[in-house]
Amino acid sequence: MNNNIEPILTGRGLVKRYGRVTALDHADFDLYPGEILAVIGDNGAGKSSMIKAVSGATIPDEGEVMLEGKPVHFTSPIDAREAGIETVYQNLALSPALSIADNMFMGREVRKKGFLGKYMRMLDRPKMEQIARDKLSELGLLTIQNINQTVETLSGGQRQGVAVARAAAFGSKVIILDEPTAALGVKESRKVLELISDVRSRGIPIVLISHNMPHVFEVADRIHIHRLGKRLCVINPKDYSMSDAVAFMTGAKEPT
Amino acid sequence: MSKSQQDFESVLSDSATDVASFSQKKTLLDKIQSLLHANPALVPLIVLMLSLLVFGLILGEKFFSPFSLTLILQQVAIVGFVGAAQTLIIITAGIDLSVGAIMVLSSVVMGQFTFRYGLPVEFAILCGLGVGAICGFINGFLVAVVKLPPFIVTLGMWQIVLASNFLYSANETIRSQDIAEKAAALHFFGEKVKIGGAVFTYGVIFMVVLVLVLNYILNHTAWGRHVYAIGDDSDAAELSGVQVKKTLISVYVIAGLICALAGWVLIGRIGSVSPTAGQFANIESITAVVIGGISLFGGRGSIMGMLFGALIVGVFSLGLRLIGTDPQWTYMLIGILIISAVAIDQWIRRVSA
Amino acid sequence: EGLSACLITKTDTNPFFVKMKEGAEAKAKEMGMTLKSYAGKIDGDSESQVAAIETCIADGAKGILLTPSDTKGIVPAVKQARDAGLLVIALDTPLEPIDAADATFATDNFRAGELIGQWAAATLGDKAKDAKIAMLDLAVSQPSVGVLRDQGFLKGFGIDLGDPNKWGDESDKRIVGNEVTAGNEEGGRKAMENLLAKDPMINVVYTINEPAAAGAYEALKALDRQDDVLIVSVDGGCPGIANVKDGVIGATSQQYPLLMASKGIEAIAAWAKDKTKPKNTEGKDFFDTGVSLVTDKPVAGVESINVKEGTERCWG
Amino acid sequence: MSKSQQDFESVLSDSATDVASFSQKKTLLDKIQSLLHANPALVPLIVLMLSLLVFGLILGEKFFSPFSLTLILQQVAIVGFVGAAQTLIIITAGIDLSVGAIMVLSSVVMGQFTFRYGLPVEFAILCGLGVGAICGFINGFLVAVVKLPPFIVTLGMWQIVLASNFLYSANETIRSQDIAEKAAALHFFGEKVKIGGAVFTYGVIFMVVLVLVLNYILNHTAWGRHVYAIGDDSDAAELSGVQVKKTLISVYVIAGLICALAGWVLIGRIGSVSPTAGQFANIESITAVVIGGISLFGGRGSIMGMLFGALIVGVFSLGLRLIGTDPQWTYMLIGILIISAVAIDQWIRRVSA
Amino acid sequence: MNNNIEPILTGRGLVKRYGRVTALDHADFDLYPGEILAVIGDNGAGKSSMIKAVSGATIPDEGEVMLEGKPVHFTSPIDAREAGIETVYQNLALSPALSIADNMFMGREVRKKGFLGKYMRMLDRPKMEQIARDKLSELGLLTIQNINQTVETLSGGQRQGVAVARAAAFGSKVIILDEPTAALGVKESRKVLELISDVRSRGIPIVLISHNMPHVFEVADRIHIHRLGKRLCVINPKDYSMSDAVAFMTGAKEPT
């Protein structure tokens, strides 16, 4: 879509090596405002590595990341978050022994007003719990009985929901989801897809990594095809079939 | 933007919303189990009460006197301090074998800076605290930045700091009387408050206050939650926005500082500055932490538990001494207590809240 | 001319041994010998002492001065050294059997205990018969120094010993209890506290050495009992004598580690020269480096020196 | 049975088969790194050679004599034994703080059974070995079946076994002369083979043989692979068909048995049976393991590395002693060595083989 | 299928409680010879718990498991393996630091012939490596350069392949696969489905847990629908549509 407007998040010539493996080999990346960009590719193609490089979870060996046209140098996920980029990593990144509320506000805790908050740095638990409850019920994904339940007591699907809800609640500029439905059932996957559409309708662009072609073709505005550590091409799902996409990403066909 | 969803999904709008059933029958044991699960410091507290009771019944007034009971507090004060430092580290899934060495080196620095170089005692104390913080920083740097396992870092630092301590102090003890005369501030934590037969030293009072403050910080501030999150899963914490390196280093620095404070309290307790003190502080503090129900895997447990754990050991030690058993029986009992404590803890964990 | 000797102490952290080492070094320098010093990690660490003896053999030393941690256990290593032609002298603590070493330069530890026992009994006078005594010993393993001093004290005080080769088997009601201190302040304080909890009316405290005595004093001070309890000790280190002066310790038996060390160095030099071995003190199976009771409150019938004299002869 | 596959998959038959590219440029450093990665015992071996060389240059013949070099072996024999036990446990991701206590209790049992009860010495030795195995079994049972953390189990057992040792032995040393006279078998491992100036005790020879045998077992038998698999990920091992409980218990029992053997060797080395011996065996064995490049997280490392690690410490200790430095410098150096060893190890790990 | 013949693997009244959660609530299970049985259900329905109960990975609190009509009491996965049941668990169960060959033969190592094997218990490394190589290339799933590579150096898809190959190589009576394609790409998933068909054509029955309806309907002979800890119904994919299956498993419709 809109090729005449500026991309919001850009990666250029990203390189990342792990020992002798080159996970990213001069990869490029562009996300435009308001769009859902799907990223697809074989296992080990380097999708997660790219996402980590643009969200500060790893520092690329080479290459440049730009947010709204300005170069940024994230050295931790916190930097990226502060810049408005929220990521749900493939491995979730929740602390099992902490409560749902604690997890949702990790790193951006809300303090009490006045003396207690300012000098005693006391957390405003009731407020955080209230917000967490609102966000989760807004999401409709969860039938969680107690917001103070520890995450380890949740099922895989529920955990996934908490992670997605956290990103949706706090992402102001970009939301990145790395295989958010991989372990989910049919019903739960559907909820996540609905959530993605919701978020996009709030005007926030989303990056969705997925191996599920029907899902990708259902929600994506553009599809970034990753192969052997780099961006092979970007296609419009209206112009190409799933077969084409799969053929490109597996090397069965060359994009023209 | 509803493009074609796969057709089999169309039925989802009617799907049920009930969740997996929970079996409702709860035996008394189940209830106890979940109560204990929710309050990790409860078990050590109960054990503490029981042991007080048992020794009280056996020994009567000799044990159940204000004097004896506050004596236990005094004997436990140093372990309480060092145990507080140890708790912070263990909650991050670390372990600190160098706590005792840091404590002693700090106390030696406080003493020698005053007596060898004639510096003002307040400044010497600050230097001692600084040395503790620096040792903590080195530990923290190696753990958080170089990413070495805490066990090994602190095993190495233990030897290094202890050797520095002996080399620097030239094994000289500074006498209590000289301290009282020229540097009374070093004895500050030895000052006492008497209420009837009960004797509270400032060291004891300060130790209890420190534990309460840390308990508050760990539970009610963002930093505290981050410390737990790091111990729980440090990669997850990093990805969800915790500044893992900074927080870890701060934990080790604070632990070093607390050990240095313990060094100051130590001077108050034994009167003199002795480079040979505190040899077992690492094992004793780990014991208190473990009996207090704090998980060595990190992320779980309450610092109050550590205090109760230290007190349990104190009660057993004094109680058994008063009964007059061979001190070896105390060690054996503490060994059994350590294993039982985790066994109980393991049982409690088995509940899903 | 290139003669070398070894000094092996129980630890290198107890001032007693630190001074012993300084004395030996000074003497060695004076005689043109090189001295290498070794120590265990803690009191009781015999393996480090064995390794040190082996090192001395490898190093071609002429002789070894040894304060054994495990008086029976280390005997085979000593034998190995003697078989290799080294002179081995036990300092401070006799080996068991005592003739396992070529010579022993030590305080008569039993006598050291006896002196403070006699002094305490005489100081109490009539009250001695219902004294309440705390015994602050060295270690549960009952090394010979500790047993000798403890039993010497009890004998001097007039208490029936039971087996004189171990402490703790006495039945006299005046003994409140035995506690171990590891010979340091921390242990001294805790041991004293435990005994006070047992019986707050304790009025005589025997301590294995002066650091333990200093710790015990702190415990008494916490109860404001410091002025009505007699503390006696052994060592005669300068901080200990200062504590006698300050009234912390009533009397202490002073020993002379520097003398032990310098005599030892001389003996090794003599051995290296013409294989002469040192002689024992008349009537004893070791060379007695002497002991003096130091107190400013002398009592009739017990020979003592005052603090001033004690300070002149103190060792660290 | 090819029912309709989703149509977009039809193209898959043409898909490429190449795999992610590998960058080809390899610096010398990269090569060294991967060489070391493939041979975990190489680093400690190199450090060992270098330290031998350096001390040889400084001290000359005094150090580089058959006598001195074999002396190092003798001084390291006990640590080598206990370190072998420790290695087995650490490879399973455990740790054993009770090794030294088990060793001493076993040696005391061997001695007291002979002297106190007048049993035949061979039978007493068997009993001693049995006691070691039983202690190991208790550790193993608590770790494998009750599922308590090894650190805590062995911390507790350390105290329990040590206290039993003191209570049972009544702190009595059995003199070497008595043993030589009445129970010479207890001195078996102290017997010497002299070749020129070199002195090998049976204990040394047996220790080297034990390490070689364990090295074979760990690498070339199913049991050995299972031990590594358990340390790597015990849940995975269980699910892929390893009898985790049985194997773990067998590891602890064998470790206990090796410690008991070490107790026998200890009698040969120090001549007498002393209940106060071996106080530092746990720390020293862990140090040897760590310097030997074995991961405390389990699953990685070679038992040969442990032997080299122990020898490195032995070389440094003897070398520095011969130079005549203050022993505290040795401790400090060992501390630095420990930290450096893991730092190097961490660097080597960073390569993907 | 064949309702007149005996099931090969049966579960009756299986109950498994975790703390206060009842993961299995009197669940039944039947697998017939030669069939592919798909198991579907929401996240947390208890599918993995059921599989673990019939394969010895957990011991059920109540209920009975029968193999070829005879009650069995597996107390570990080893028991089940020895009885010919191979399982690929949802969490894979490979040891990262060990080699591919070591992993494939874990717990059933091959010893050398003769003295070395019998008395020295020496492993026959070359033989195990040879077999592993054969199995993996048979599978065609992997382009692994070195059979002695450690598993930690493999991508997620490659690891999945090793696990499936191990099961396929050794399963003699039953093969159970718990979400074998969840993390796999399109190409890799296809390989696994092909493998499943291959194995079945050798006459070995397979249990396949999956959230991917097209996959399930493609390969399954019967579909076991699990809901709220028990078997809700078993359907024949020829008689029902995907919509029906999804409606049953999510509770949108009651099976008749």
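Lettered A, B, C, D and E in written order, each chain numbered from 1.
Methods note: contacts are C-beta pairs under 8 Å (C-beta built on N, C-alpha and C of every residue); 3 or more make two chains touch, one makes a residue touch a chain.
Chain identities (UniProt): B, D = Autoinducer 2 import system permease protein LsrD.
Note that the structure is a prediction, hence the values are computed from the model and not measured.
Between chain A and chain D, the least number of touching-chain steps is 1. Using the average of C-alpha coordinates as each chain's centre, A ends up farthest from chain D.
Relative to the C-alpha centre of chain B, the farthest chain centre belongs to E. Chain C and chain E have centres, each the mean of its CA atoms, that are 74 Å apart. Between the Cα centres of chain C and chain D there is a gap of 38 Å. Computed centre separation for the pair chain B/chain D is 30 angstrom, with centres defined by C-alpha atoms.
Multi-chain contact residues of chain E (touching two or more other chains) are listed as 44-45, 153, 155, 186-187, 213-214, 246, 250. Across the assembly, chain D contributes 6, 8-9, 12, 15, 18-20, 166, 326, 328, 331, 352-353 as residues in contact with two or more other chains. In chain C, the residues that touch at least two other chains are 12, 42, 140.
Of all possible chain pairs, those that touch are A-B, A-D, A-E, B-C, B-D, B-E, C-D, D-E.
Touching chain D in their complex are the following residues of chain B: 142, 146-149, 151-153, 155-160, 162-164, 166-167, 283, 286-287, 290, 296-297, 326, 328-329, 331-332, 334-339, 342-343, 346.
Here chain E touches chain B in the complex through residues 17-23, 25, 44-46, 213-214, 228-229, 241-247, 250-253, going by the rule given at the top. The part of chain E that touches chain A in the complex is made up of residues 41-45, 153, 155-158, 179, 182-189, 211, 213, 246, 249-250.
Residues of chain C touching chain D in their complex: 12, 34, 36-39, 41-42, 44-48, 50-52, 54-55, 58-60, 69-70, 72-77, 79, 96, 140-142. Residues of chain B that touch chain E in their complex: 6-16, 18-23, 26, 30, 350-353.
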